[in-house]
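The data blocks that follow each hold one structure.
Two complexes, one shared chain (chain A), two partners (chain B, chain C).
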Partner chain A sequence: MTSLITLCGKELRDLSCNRSVRLLIAFLAVVVVLSVLVAAADFRTKTADYTSYLAALKASGGAVNAPPPDLFPLQMLRAGMEYLEIVGSLFAVILGYGLIAKEKNNGTLELLFTRPLGRHSFAAGKILAALVIWTAVTAALFAVITATLLIAGNAPLTGTDFIRLIIAAAHTTIYLTLWSLAALALAALTRSPATGLVLALVLWLVVVLVIPQIGDTMDPDNQIPGGLFASLQIDKAHEHAVMANFTGYETSRDLIEQTSLTKQYERPLFAWLGIKDQYNQQSPAFVWAGTFNHTLWLLAGFAAAAAAALLAGTRDKLLRKA
Partner chain B sequence: MTDMAIETSALAKTYGSKQALEALSLEVPRGEIFGLLGHNGAGKTTTVNILTTLLPASSGTARIAGHDVTTGADRVRRSIGYLPENVHFYDNLTLTENLTFFARLSGVPDPAARIAAALEAVDFTGHGQEKMSTFSKGMRQRAGIAQAILHEPAVLFLDEPTSGLDPQGVAKLREIIISLNQSLGMTVFMNTHLLAEVTKTCTSIGILSSGRLIYQNSVAATLGAFPDQASLEDIYLHIEAGTPS
Partner chain C sequence: MSPWAATVGHELRSAGRERLPQLLLMIFIGMSAASAFIGSAAKATVTEVYNSAAGQGLTNAANPFGNVPPLYYARNTVIYILLIGALLAIVIGVQSAMRDRRARTIDLVLTRCLSPAGYLGAKMTGIGLGLLAVLGASALISVLCISAVTGSIPAPDQLLRLLALFGVAWLFLLFFVALGTLSGLHASSYTTALLVPIVIWSVIIFVLPLLGTAAHPVSLLNPVTPPAAPQTGIFALTRSLTGPLSLGEQFKHVAAILLKDPQATGTMTGGITVILVFLAAGISAVVLTGRTSMRKELHD
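What follows is the complex of A and B.
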């Protein structure tokens, strides 16, 4: 246990002092916050338009019964969450690769492995460090995002909204750590860490970009910009009635999408934040019932990546010559 | 407790079809400074890697300070210190930070006191706060020995410790090795190419040739057994020449 804490503590220190890591995380934070600021500006404009419209209506002596526009503050996070999903996971791959590559490239493994470390202590220390660093980064990012929503967006967040944000942050931590652990495992398994990085990037490309893109391309509603059904002026009820005739096709499309852990992250994330319309303003129980299977798949992916990292990061595997 | 610091029996290592080490049976008593000699590719580093638990043997047994390298690997690791040929530290950290890290991994109860003692033993006091990235090869070797003796091991393994050092560096390292052996009672096992150094440092030697141990004796007995040879280098070449590869 002492060696695990020592290894983890050193990793955290190295990561927090590493200029490249700080730069990548700062870049991620800036991109995410900028996206929220843009959405917040749009949100404020819409709110201001509505307020001035009401004032004008009152001034003209008309009946003030205009319904407020559907403005949901958490939906402002859509672009930011997509950055975390794509750019964040890419940075997580680089960070995970670095955890192993620096030891292999620097030649410090020999000194480490002549110490009385447990069989899995080395890998466990790295895994714990990746989890701690992503928990800290995600917590900080979501704190900044929330502050941006409150200050720049002037968004009225409720207690439930804060819970939704915490759940979204937890999903993000698991997702980003998962990518670091997958890259760590591949860098440990391959003789040359650079080969591991290439494999991790190929995996990232397939899981984060290719599979979700296939799913999106197969979605009938995505065939026309603005939506096929909207352009045909078909409402939601009729859209469901139409799609009921294509259940086999939709099931296949859904299965393809679900093979991507990115989708297993995105679906509960968008549901909890109300970005997905069917879950917007629904109770937490309703959202959980509709998305818990995705959360479990995400957790299963995390457990698999952690197990792979633990098994790959042993003395005999790491000491093979490059 | 056995009197042998290092014992191997029919130790062998193969890499695919290549036999790197062949039936190595070796005994090094406690308190010795043992020099393992041999040409490049003779199997010296393979031997050290097996004895330091970095590499599993293909067959045979090896015991360090009474502990089997396979079944008691963790106890072996507590009993040994190791200086690789090219020692690498974390260059972003200072020497003291590096040593603290390795001391904690070794379970040293009072790292600060042990680090001070280790630095004093290698005559390196005053360099603790310097970044490793600023160290020369000779300074790294001394820092490497300091990390190897932090937990006061019974056996110290040095892989080509004087390789790449200038004459002053070689002399200083020799002085440190002899001091560790005499004042702290550590058994030292070293691989080296520098035969002149072996005469000045080691108490006994072994010669490996193509993975086989072809000679083992004390340095004094070796020099006495070959009176017609001018130096240990000549003796080494004579013994090597008499062995079919």
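What follows is the complex of A and C.
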């Protein structure tokens, strides 16, 4: 246990001194903050457009039917969350790879294993460090996001909103750590860590971009700019009635999407933040009932990645390949 | 055989031996082939959805997919070029530059009567030819899959448009090869060499379009042309600044016009100019790399 804590502490000190890691995390923070600022600017533009439309309508003596744009502050986080989903996971891969690569490249592996370490202490120390670092980074990122929402977005947040943000941050920590552990396992298993990195990038490409892209483009409502049902002037209630006849297709599409852990992260995240309309302003119990299975799949993915990292990061495997 | 031709040949052979680009290549070609079938499944479902809605009297609008051109089925390929193709190009570029530095063969090569610019130009030519072969194979697979889905071979005009798409894709991807090569030539380690161009790629594909149009990153992966971007307020300014730098969006716009997307408006001139400017800048930066940089030691 002591060696595990020592290894984890050493890893955390190394990571906090690593200029590349600091730059990547700063870049992630800048991108996420920018996305919130853009969403706030977009909302202001829509409000201004609505106000001028209203003024023109009143001047011409017309009746006002269209409601003003609604402000749901957490919905402004959509682009930011998508950046964490895509760019964040990419950086998590890099961080996870770095945990093994630096030991292999610096030749410190042999030295480390001359110490009386438990069979899985080395890997467990790295896993714990990855979890701690992503918990800290996600907490900092969500604090920055919240501050941006409050200050620049001028968005009022309620107590429930803060709870939703904490739940979203917890999902993000699991998701990002999962990617670091998967990359760690691949870097440990391959002869050259660089090969492990490229394999992890291929895995990232397929899971984060290709599978969700296939699912998205198979969605009938994504086939027309602005949405198929909007272009056919069909409201939500009738849309659901029509789509009830296509359950086979929708189930297949859903299954394709669900094979991606990114979607297992995105679905509860978007539900908790109210980005998905069906969950917006709903009670936490309602959101949990609709998304707990995705959270469980995400946790299963995390457990699998942790197990892979634990089993791959043993003395036998690492020194055999070094 | 001249040193230039020998270098081109060597580059082609070496790239063919690398396993990791081969893995990405398999995914790219596989997805190009799947593209037509994904489009076909989506189109069939949309038509059935429309028929169902029209049958229930819910809409009087015309079927938006009533007269879809065969080139519609190649729309997803554009996204795979942006995602898989660009990453493949980066990996090829990085590995090409790293191969010489790791094996320290560059010291030997530079003792021959070949200037660094000539050597790097020959390497880029070799990779360019290899990439052309890959895209040629993808184009052929696309034509075969579209023919299988539609039940007929696309008309000559449509074949030309498809070829033009892969031609523009070649120019687009060559920029990412140049970016990867440049990074491979200058980076102090393999990790940095791979990471820097990938971060630049993520900025070009996902960040710049958001700043100009407020488009969500995931929506950029959908081949459907997005609704017109806001033309007022801050976005009018940011769009004018980031629009020309959004290489991925420029490529998507040119591709949409080539594939006769009914929602695509404007001309291809601006988009092609931007792609060519990026390519010229990338290749110039590669061939202007000095002897000292090329011989720099690696740290992993």
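As a working rule, the second predicted complex is superposed on the first by the 292 of 322 C-alpha atoms of A that agree within 3 Å, B and C clash if a C-alpha of one lies under 4 Å from a C-alpha of the other, contacts with A are read in each partner's own complex, and residues count from 1 in each chain.
The working rule: contacts are C-beta pairs under 8 Å (C-beta built on N, C-alpha and C of every residue); 3 or more make two chains touch, one makes a residue touch a chain.
Values in this document were obtained by computation on a predicted structure and should not be read as measured data.
By the touch criterion defined above, A:200 reaches neither chain B nor chain C. Once the two complexes are overlaid on the shared chain, A:98 sits against chain C while remaining clear of chain B.
In the superposed model, A:86 lies in contact with chain C only, and not with chain B.
In the superposition on chain A, contact is made by A:2 with chain B only, not with chain C.
Once the two complexes are overlaid on the shared chain, A:298 sits clear of chain B and of chain C alike. More residues of chain A lie in contact with C than with the other chain of the pair chain B and chain C. In the superposed model, A:269 makes contact with neither chain B nor chain C. In the overlay built on the shared chain, the residue A:35 is in contact with chain C alone; chain B does not reach it. Touching chain A in their complex are the following residues of chain C: 20, 23-24, 27, 31, 34, 38-39, 41-43, 45-46, 48-50, 52-53, 56, 58-59, 61, 64-65, 76, 79-80, 83-84, 87, 91, 189-192, 194-195, 198-199, 202, 206-207, 210-211, 214, 216-218, 221-227, 230, 232-235, 263, 299-300.
Of all the residues in chain A, the ones that touch chain C in their complex are 20, 24, 27, 31, 34-35, 38-39, 41-42, 44-45, 48-49, 78-79, 82-83, 85-87, 90, 94, 97-98, 101, 105, 194-195, 197-199, 201-202, 205-206, 209-210, 212-214, 216-220, 222-226, 228, 231-234, 238, 241-243, 245-246, 249. Across the complex, chain A is touched by residues 52-56, 74-75, 77-78, 80-82, 84, 86-92, 101-102, 104-107, 147 of chain B. Chain contact summary for the complex, chain A toward chain B: residues 2-3, 6-7, 10, 14, 17, 106-108, 110-117, 315-316, 319.
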